[in-house]
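Look at the two complexes coming up: chain A is in both, with chain B in one and chain C in the other.
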Partner chain A sequence: MSGWLWLILAIIAIAAGGYLFRMIGQKVTGNKPYFRDMSYGVAFGYVLAAALLAGSIWLYLQEGAVFFRWAVQGLIIAAIIAYLFRLLGRTVGTAGSRKLFRSMPLTASFGIFVIVVYAFLAIFAGAIAPYGQDEILAAANVAPGGDPAFGGNPEYPMGTDQIGRDILSRLIYGAQNTVGIAFITTCLAFFVGGSLGFLAATLGGWLDQVLSRAVDVLMAIPALIFALLLMTIATVWANAWGIDRTIFMVLIIALIDSTRVYRLARAVGQNIVVMDYIEAAKLRGEGLSYLIFKEMLPNATAPLLAEFGLRFCFVFLTIASLSFLGVGIQPPLADWGTMVKDLGQFINYAQFAPLVASAPLLPAGAIALLTVGVNFVVDWMLHKSSGLKE
Partner chain B sequence: MTDTLLKVRGLKIEGRSDETWNPIVNGINLDLKKGEVLGLIGESGAGKSTVGLACMGFTRDGCRISGGEVEFDGIDLVNASAAVKRGLLGKRIAYVAQSAAASFNPAHKLIAQHTEAPTQHGVSSRAESEEDGVELYRRLRLPDPENIGFRYPHQVSGGQLQRAMTAMAMACRPDLIVFDEPTTALDVTTQIEVLASIRDIVEQFDTAAIYITHDLAVVAQMADRIKVLLKGDEVEEADTRTMLSAPTQDYTKSLWAVRSFQRPAKPKPAEDAVPVVSVQNVTAGYGKSAMVLHDVSFDIHEGRTVAVVGESGSGKSTTARCITGLLPPVEGSISFAGESLPLDYRRRSKDQLRQAQMIYQMADTALNPRKSIGEIIGRPVEFYLGLKGKAKRDRVNDLLNEIELEPGEYFHRLPSELSGGQKQRVGIARALAAEPKFIICDEVTSALDQLVAEGILKLLAHLQDTLNLSYMFITHDLATVKSIADEVVVMKEGRVVEQGPKAEMFVPPHHPYTDLLLSSVPEMDPDWLTDLLAERGVDNIGDAAVDKM
Partner chain C sequence: MSIVIFTAVNLLPGDFATQILGQGATDEAVASIRKDLGLDQPAVARYFGWLAGTLQGDLGISFAQMNFQSNLGGTQLTTVADQIAPRFANTMFLAGVTATIAVPFAISLGILTALFRNTAFDRAMNIGTLSSISSPEFFLAYILILFLAVLNPVFPSLSNIFSDMSFSDRLNKTMLPALTLTLVVTAHMMRMTRAAIINLMASPYIEMARLKGLSPMRVIVKHALPNALAPIINVIALNLAYLITGVVVVEVVFVYPGIGQLFVDSVKIRDLPVVQACCLIFAAAYILLNLLADVLSIISNPRLRHPK
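And now, the complex of A and B:
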């Protein structure tokens, strides 16, 4: 009960603080327009932000707040990396790339850095990973951190799982499997959905009706359940015909996601197709492929690229969830979704041994970091493309 | 207490772009007495609207008042607090925007939006202001004033909406109204009604007004004094009559001279000459039942310009779409140099398509924003003439020279890096690249400033003389018709009302509709509107508005 009381008291204090803050601001600055025309909500926000900042500093100094401290340190390190990476981009490279980096916010440079690192790890996984992804080592259940005092082992800096596989190696191979497959799937979804969407926008009529209604039907079924259902069917086929199940998974997710791409491409295409320059090209007698690829596509790249980034995250999360549910990428192939599932029990030890409990957070964090990174870049590209339109 | 209502001294405004503040307005002085109307004119980018808004103590996002003072009735608007401004705006200072359609909230009825300001400011109760609204609608000669307020914005016409917006600005009986191009988007015939009613109501309530426009003839009717702006600087200011009869600055003189461009008349074509384009009894429409064009016929002869005029909705552009084949007519035929064309553009041969080209009204949407000027002009050169590599590049350079753009400088630019007039020139070059015989110009100058528009007209005239082109010139601006046309086709509601050589068209007797169109074009004479209204009878205009319903 006293907890609620404290909360109410704190809110009252902040509310009063907001009023005082604005009044003092007006007095001190001699009624400058900024303070004079400040609404109460803004003043309240300032004081609330200050209170939250003070609270987090206090929390940071507490003994038990291990994860919070990690989060703050991680944020600071990320900001420094992003700053350094942008600095590098501004000094190295062609004139065009330097100009790009000059106007880039820190979030975007961090996102690009994350994507570059992931791509590097995925491509050179075999050379970088210290062990194989399915190699079973002597020591099982080694805690991450590499400190023997806390049950770690310097040979396995991120520890090993229950049957003794090196988590670091599996994380690196996971980048190859999860990210690589997600990338292929997204490209396929864009190729199918994008070209059909533009075709429907340009030709209209019955083709548009047939395609759009088919897409409506597909979109009416919840995506994850639909994917699970199709994967169950595909498993039978895969076993019968001896084809790798992963291929079916790529096709199924690409099909489901292409419906979303179709809708976007059609909507964007319809806005472009009514432009006078398209009419001029039609009257010139241009063919369909010239219209779509030379006149329309260049004007649709910004929204499509932004959608590509977002779609990539969704595909990637779908693969991770399918793997977590047991129908996605099959063991012993390393995959972040499967790893979260396998290491999940360790989370129960969080109260006694934070280091041990952090084992499932590593693959989960890898997923989160890439999702955040890609979204930062997408946000920036959306901002840029909307800026082009004024 | 002096009778000066608004005093602006050394007003400087800056706008933010590319991370720096750039000056937009450099020190404007302005005085406005009670009940006086000041006209602000200048081409686009002159800072007219920015100054107009600053007179209300307001700047657009990304702009700031960096110096000078704006004093409204003794109140310093530059440094006034938000609360003080809230009390003034809408109540003592009101604003009428260019596009009434975009300025009304489409989800509320007109009267509900009308009563908002008076009730908010506590001037009158909702019922009182509704009553007053009806009275204002009546004075502004809106049809059915008792009930028109209970319609939604999309249920009334553009001219009526503009008057409803003026009524809304009048709701609190402000001391000052800023009119920002209130009639620019309207047809000439509608413009008259709006101008007359605005002028009346401003006189009746002795309201001071700032009237912003780029149309000299309009400002001549409305303003007591005129101030000419150029790129954020004041050029000159004088009484309307003095300004019109004896402008002192070169720039003002050049503005005044624009309308004098006139082409010499051409000899009539031979009786048996085969017309380049012949439109015969065309009936066309969108969908099965609603026909937009009814039995339209006219000929366009080689080397001549046929102007097609009419209000919006009269079927001018639809006729163009029929000729190009985008909208196949239901009945009738279109022939080119005596040879009948397939009605659908998809069935026309490449050469038939090449012969007829089109220049669009909005150069912004007519040029692909992701292609360079060289690519845009080069594509028809390659597509129709099969030129590649250096031959193509040379041809594009020739075309750029012809439209008076320096090839080295403009070849690699994107459309967004060009001004409005330059974009329109590129549109012309793209049409020329196909080496056509016939070009359709769809309102090519209506989105441009007068000086720029004159340049485009001169270029088109020059090209016609050198290349012996035929033009179909769609326009609603009769001044343009006077300067460039050889023959005129007047359209109304999808029918050809009258057609003939220009010389005959501008001499009475006219068809009544042609007469209405011609008499509605504002002239540079400040007494023109007064005389016209006297001639037509004031009630007549109100009736005309009712007839339109």
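And now, the complex of A and C:
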């Protein structure tokens, strides 16, 4: 209970501090307009921010706050990387890309950096990873850190799991499997949903009605629930026919997500179809494929590209969640969701062995980092294309 | 929708009868179990039987429980409704706790970020919410377990809830899953609140209110908020619907005895009636909340209430 008491006391102290801060500011600066017109909320905010900053520095210097220190260091490193990357983008490259980087916020450049690194890891996983993804090594349960004094081994810098697979290699291969599969699934969903949506928008009539009602029905069931349901069925089929379960998962998630893409493509398409230039193209006697690919697609690029980023995040998270629940990507393929599930129990050792407890956080953090990066980039793109200045 | 669920569930090959009896089952034994469970009837008959039963509140009998009870020699059968009811209450409790924390929190944060827009506070909140939106639920759950259960034992990391627990005990055990879900939904609601208010700030009547000399807080709360209510209510209802899918993963992480966990377990043992019922409940709640969103946004907007 004393924790709550301290919290309340701290809030009261900050509230009083805000009042004092404003008063002193008015006195010292001789009633400058900035302090004279300052609302109490702003003064409170300044003092709160100062208190939070002081509290963080105090916590950072504490012996036990290992995770907090890691988080702060990670944040600072991320900011420095983003800044350097943006600097690089501003000086190297074509005039167009330099211009793009000049107007970019730090978050977006960080997102692009993360995507580039992940793509690199995914493509060259086989060359980078020190061991194979399903290679069972002699030493099991090696602690991360590579320090023999704490049960580590310099040969396995991030340790090994319960049956002796190198975690670093599995993390790198996870980039290939999880990200690669999510990317293929998103492309498939876009191909199916996008083409059907444009078709429905251009042709209209009964095709539009049938497709739209079918999509309505499919969208009535929450995505993850539906995916789980279909995955159970697919598991049985996969066993019966000897086809890899992962292929079914790609198809199922592509089907579920293509309904969302269909909605967007149809809405965007309908806005474009009524334009005069489409009318002109129709009167010229152009065919359906020309209309869709040469007239509609170029005009729908911006919303579709943003949707692609968001959709990729959703697909990626769905796959990770399915794997976490045990019905997604199957062993021996290394996958981040499954790794979190397998290593999850180690979190309980955080009190005395923070390095060991970081094992489940690494794959989960890897998932989060990519989706955060993609979201930063999409946010920036939407902001730019909507022309919002505020 | 019920047809989709039923067809999907019945596509499961290798039905329950062969599964519980194993590989060496005789044909007679399989046939007798199928007859007991009504699996020998054609699919269409089973569908209408199930639908009629569901409408009367009878969700059927769990296959697994039936098998278990008849092995014990008991005659008391556990119906799906019996199995789901307590778990449904638990899930509703979790969703309720989450909503009571998340909704006021999200709306006040949204108002504050709209008030102090483009300041360091706004930017920090923007980055924070974007990160929490895009992290997987289990990542947030493990982070919370790490800081609030393992390093500083404030809340228990396992939410084993019993029916005869006191309310405060139950609240204490529900706190971590509820906080995880709060993090997941707050971000979206807050961003929508901020966007809806900022959208209105350019309108002439807000300009007027500001020129009258009202304080920024008063302008937002008294003038902008009532008009921004429709999109905000909409996004709240949608996020409550999202909570329903979110609970599956969170319940599994925290071993919370709710519907999500029952669903995942039943999916694993292919217990048809339970899977059907869970799917139906999830889908119904999803649709109802979406409907509620539409109705509430019409009620909150007089222009929609009196169509010309």
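Note that in this section the second predicted complex is superposed on the first by the 344 of 390 C-alpha atoms of A that agree within 3 Å, B and C clash if a C-alpha of one lies under 4 Å from a C-alpha of the other, contacts with A are read in each partner's own complex, and residues count from 1 in each chain.
Simple rule for what comes next: a contact is a pair of C-beta atoms (placed from the backbone, for glycine too) under 8 Å apart; a residue touches a chain by one contact, two chains touch by 3 or more.
Because the structure is a prediction, the values reported are computed rather than measured.
**Student:** First (chain B), second (chain C), both or neither: which does A:348 touch?
**Tutor:** second
**Student:** Looking at the overlay, what does A:41 touch: chain B (first), chain C (second), both, or neither?
**Tutor:** Second partner only, chain C.
**Student:** Does chain B (first) or chain C (second) touch A:286, or do both, or does neither?
**Tutor:** first
**Student:** Going by the contact rule set out at the top, does A:70 touch chain B (first), chain C (second), both, or neither?
**Tutor:** Neither: A:70 stays clear of chain B and chain C.
**Student:** Name the chain, either chain B or chain C, that contacts more residues of chain A.
**Tutor:** More residues of chain A are touched by C.
**Student:** Touch test for A:376: chain B only (first), chain C only (second), both, or neither?
**Tutor:** second
**Student:** Touching A:324, do we find chain B (first), chain C (second), both, or neither?
**Tutor:** After superposition on chain A, A:324 lies in contact with chain C alone.
**Student:** One more residue to check, A:124. First (chain B), second (chain C), both or neither?
**Tutor:** Once the two structures are laid over each other on A, A:124 reaches no partner at all.
**Student:** Identify the residues of chain A that lie in both the chain B contact region and the chain C contact region.
**Tutor:** In chain A, nothing is touched by chain B and also by chain C.
**Student:** Where on chain C is chain A touching in the complex?
**Tutor:** For this pair, the touching residues of chain C are 1, 4-5, 8-9, 11-14, 115-118, 120-121, 127, 130-131, 133-139, 142-143, 145-147, 150-151, 154, 157, 198, 215-217, 241, 244-245, 248-249, 252-253, 263-264, 267-268, 270, 275, 278-279, 282-283, 286-287.
**Student:** Any idea which chain A residues touch chain C in the complex?
**Tutor:** 3, 39, 41-42, 45, 49, 64, 67, 107, 217-218, 220-225, 228-233, 236-237, 240, 313, 317, 320-321, 324-327, 337, 340, 344, 347-348, 350-351, 357, 360-361, 364-365, 367-368, 371-372, 374-376, 379, 390
**Student:** What residues of chain A sit close enough to touch chain B in their complex?
**Tutor:** Residue list for chain A touching chain B: 33, 36-37, 275-277, 279-280, 282-286, 295, 298-299.
**Student:** Which chain B residues qualify as touching chain A in the complex?
**Tutor:** 79, 81-83, 324-326, 345, 348, 350, 353, 358, 360, 362, 365-371, 379-380, 383-384, 430, 434
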